[in-house]
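Each of the next two complexes has chain A plus one more chain, namely chain B in the first and chain C in the second.
So, the complex of A and B:
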């Protein structure tokens, strides 16, 4: 049977393209819209739709826990971001100033925590920093004659910064070091000839030249940290105590899928998610304008 | 000259510390997995791997044993999730990315930017709606449901990365093949696909590892322990038995890690390229 070329082309295009459009619509676009819709309902364990307008949002802003979860979110995002950027910068600066093969080997090692299944990483960190006498660091301290330290009870934020930071720093290290390696060597040689110290070179040449990459990372990482809770869920799960590390997205998760009495509150949980969604959207638009995120993103992709 | 030397030595000391830090947890895991003591690192034994014989955890304690699924079933589930995710992402993204790279059609820019935005939205914000949808479709508590959701979430990255690979291949080969009378599909499958093999390998590897390590979707959508993957089993074992037999958790984690380490060593170069597009915090 002869198929006209124009029609054949149309069939070909649709057959190749449609699966991706269907999948992305059903499992990504529809759920996004559905989340907004659910936030306007009282959907709970009975799974019945009752439209209640903005009542979930009113309830949220009156909830005494709201202040706590916003505060936890700010601490979590700011702290992890500082760790990721700082450590990533340190790794990038060190690995670009030593032998090249050794430098890329160290960066590859830092990818390891990111590649490990999140559960294994979380279990390891929980054991190393366990407040019990059986925790790894505490066994080391005890064998040296010291008293066990209640790591995750007392230093829960630094603990979470470390758990998350080892994942995030590998990304920033790769972005920053590829940026540093693309700085024309003439600049640095010229500065060295003029007698500038390494510290001055880093401060006056390297940092200003990679500032857009740092800005890109900070922007991108803020967005992903706002909605990330996997490692908190796997380690401290909002504790110790009352909501001390309960970030907004984790609170939404607990409201919907938690094991306490408050769970299966899908409508209420969706209102928190929607607020995060809106914050994310506003931030993206600002970033897009200020940092011209699109251009930077394409640039970073090339590596 | 002495000053420079000290600076260089310092540099290499810091580099040494940096190289050790991410490797320490893994070394500790291995030591604990072979430890004679159930909670401390002490001695060397293979007894923590006894479960490999029958697949049963706590084979000598029926009460404990009944709580956990056979680990070979868990391994199969984990593998199915990983390979299902990898195959579907590769199949769907390699075809879509080719069209987006090579053809002009209405809505091309919209489609491309939608994939970029979707890639930027973390899956965690979609969980509530996805739960409701899977429940409605009858896919809750099934591995298929998790595979479909996982594959959709990993798809936008695949499309973007593979589009980049197709973009980097010159047009001449395709045009001459078309002139020679090869069909459009023939050009795609016989000429283009082999040329973007590295990209397909990278995306396949990334999606496999991403499915293999998935936790949140399994934890949220799967309730029956016979449908568990390793991530659920290890998490559950750690919270219930972590204080009693941590060495078992470590040995099971080590088995879970074997494919990850092998694939990481083989494909580290590819993963570095993809990390830029990764979504983990």
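So, the complex of A and C:
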């Protein structure tokens, strides 16, 4: 049977895209739609779908804890993003300016926290930075004659930035370093011939050439941090004080699955998640515009 | 593939696809052929009739009785050797409570012995697990399984879950079975325990154990403070008679910190996470938690004010009795080792902690009796009574269980003075049966003997589906006070009221 080439091409492309469309719908689109639907119901321990419209959102905005969790989310996302991008860039720059094998080795070492099971990493960090005199750092300080410092208790945001940052910056280090290594060496040689210092080379040549990669990473990481709560849950669990590090998604988790008697407030928790979803959507559109990611998609600018 | 010509490529592709399809068909046939066969073939035995004397008011003798004729159709009948599997999930989390699971297995063994002697070709096997995960994780797993209908036949959980389990129709009411098997063991259960599992007029669980939550005080530290041995040994009595109140406790703790006997923040310690203990001080100040007529929870703000004042005074912002880091600490890594090391003056704990300290934290029995005394929570003010809280555990039978009466029989056989003492003694839980109080295994334990009186002063948490959120809100406010999140009691009280109204809505009555 003769199928016209045009239609054949369309069928062929659809068939190739079908698996990923199916996976994306089942595991991404459908749960998102369901969460949106649940946020409009009063689903709780009774497991009955009772449509209550926007009442969950009303409750949420009137909840005195709402301001606290939004503040915590902003601090967390901004701080960890800065850490991930900054430290990743630093590692990438350093490891590409030394011998290639050594550079790869260091980047591989930096990847270790990411491949550790999250519970192991969290327990390790809690032990190192434990506020009790029995923690690792405090034992070292005590043996040097100092007083134990309540690390996770007083400096909890830097602690969280470090715990999450070691995980996130390994990815950015790899992206940025491969981007740097793909810069045509002619530019660097030309600049060196002109007498530019390393610092000037980095500022004027390397950074502008990898700006697409930085833009991509910032966009990707912001969205991923909005929904990341694993390490906060395992280490501080929203503490140490009254909602000090309770980010929005962690609060939703606690409302649905956590706390003393498993609150099971699914409808209410879903409303928080839906708000995060909308924020993520808006941010994606903004990033699309600002970073002109459309141009990124058209041509291969990201190797 | 480039080595082959176009025609051969097409043929190879065709053959690969055919092989794949045949492989899938073979796999399916093999799977169908080796699927486990059902082992029960049933045949109904004829029904039997017998008379039962039913006591109308359990626990009250002499009780009005009536004679009832009951016709019983056996739940199962078998024709060839077979095995019935009853699934059971129980929870510690401490390993010392493992007899919660083992007792069910021992009960099944009892039943199997009887069946063997009567030449009935049936064995009952208990399958399941004893969980050492946190209560939150265990409850999550349990609730999800019950909702999905894949839950275990018998499961253990705290009595407090009764409201949720019953409202969701996950468990069967056990009144009829308890009446039927009354003379086996249920006549012996201490009557107050039935209140803990009675919701909306029906009994939903069988009590498995109970405990009391005392205040442990460190005798060595008190001696260093200048107390004599007589004063130290008299403290539990003073508390029991209402002579020593919570204000006195704050005073003694403050003295200890000021004189350097304990480090600041180590005078009074409590649990670091949400749990049943949080309302105890409120009850000590005479507060009410539940309104029987409306079935709603109650929050008396006048009493909550006294409660939060207690914690505010004790926090690092004032007397420096409770460390501000306490709510960030870990039970096993930080809290138990510090108490066992003798660094804490007052510990608001539970009777089973003694069992844990001796089994898992390296404390010997002699060291325990040298270091620790224990008493009820003192009354809030003079004129009120001392209190403690008990959270009995109970066995429940799920609605999806295919053999509910058999499961209930297993639970009945597990509820016996010897088996229950096997659990109570190493895990330091209290007796649920009167016979246990004279059981040789039980009375040999000095700790259980000396804490027995606490059960009379014990209160229970109210049975209400929203209780968990109420209790968690208390914890969050105390955490906020201790970490300096609230600068005054008024601020804390306002935040507490906000949390209650947002989370519980009209399930709670707030009294100003």
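The rule we apply is simple: the second predicted complex is superposed on the first by the 257 of 303 C-alpha atoms of A that agree within 3 Å, B and C clash if a C-alpha of one lies under 4 Å from a C-alpha of the other, contacts with A are read in each partner's own complex, and residues count from 1 in each chain.
Quick note on the criterion: a residue touches a chain if its C-beta (ideal position, glycine included) is under 8 Å from a C-beta of that chain, and two chains touch if they have at least 3 such contacts.
Every value quoted in this text rests on a predicted model; they were computed, and no experiment measured them.
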First, second, both or neither for A:115, with chain B first and chain C second: first
Touched partner set for A:188, first chain B, second chain C, both or neither: neither
Chain B versus chain C as contact partner of A:47, first or second or both or neither: both
Which superposed partner A:160 touches (first chain B, second chain C, both, neither): neither
Touching partner for A:263 - first (chain B), second (chain C), both, neither: second
Partner chain in contact with A:229 - chain B first, chain C second, else both or neither: first
Partner chain(s) touched by A:13 [first = chain B, second = chain C, both, neither]: first
Chain C versus chain B, contacts on chain A by residue: B
Which of chain B and chain C A:152 touches, first, second, both or neither: second
Touched partner set for A:106, first chain B, second chain C, both or neither: first
Chain C-contacting residues of chain A that also contact chain B: 47, 126, 132, 134, 257
Residues on chain A engaged by chain B in the complex (per definition of touch): 8-9, 12-13, 15-17, 19-21, 23-24, 26-32, 34-35, 38, 43, 47, 80, 90-91, 94-95, 97-98, 102-103, 105-128, 132, 134, 136, 139, 164, 166-168, 170-171, 174-175, 198, 221, 223-225, 227-231, 233-234, 249, 252-253, 256-257, 266, 269-270, 273, 276-277, 280, 284, 297, 300-301, 303
For the chain A and chain C complex, residues of the former touching the latter: 45-47, 59, 62-65, 126, 130-132, 134, 150, 152-153, 236, 239-244, 257-265
Partner chain A, residues of chain C touching it in the complex: 135-136, 139-140, 143, 147, 160-161, 164, 167-168, 273-275, 324-325, 327-330, 334, 465, 467-469, 471-472, 475-477, 479-480, 483-486, 495, 498-499, 502-503
Residues of chain B that touch chain A when the two form their complex: 7, 11-12, 14-15, 18-19, 21-23, 25-26, 28-29, 32, 39-41, 91-93, 95-96, 98-100, 103, 105, 111, 114-116, 118, 120-122, 124-133, 135, 148-149, 151-153, 155-156, 159-160, 164, 184-185, 188, 209, 212-213, 215-216, 220, 230-231, 234-235, 238, 242-243, 246, 249, 253, 256-257, 260, 264, 268, 271-273, 275-281
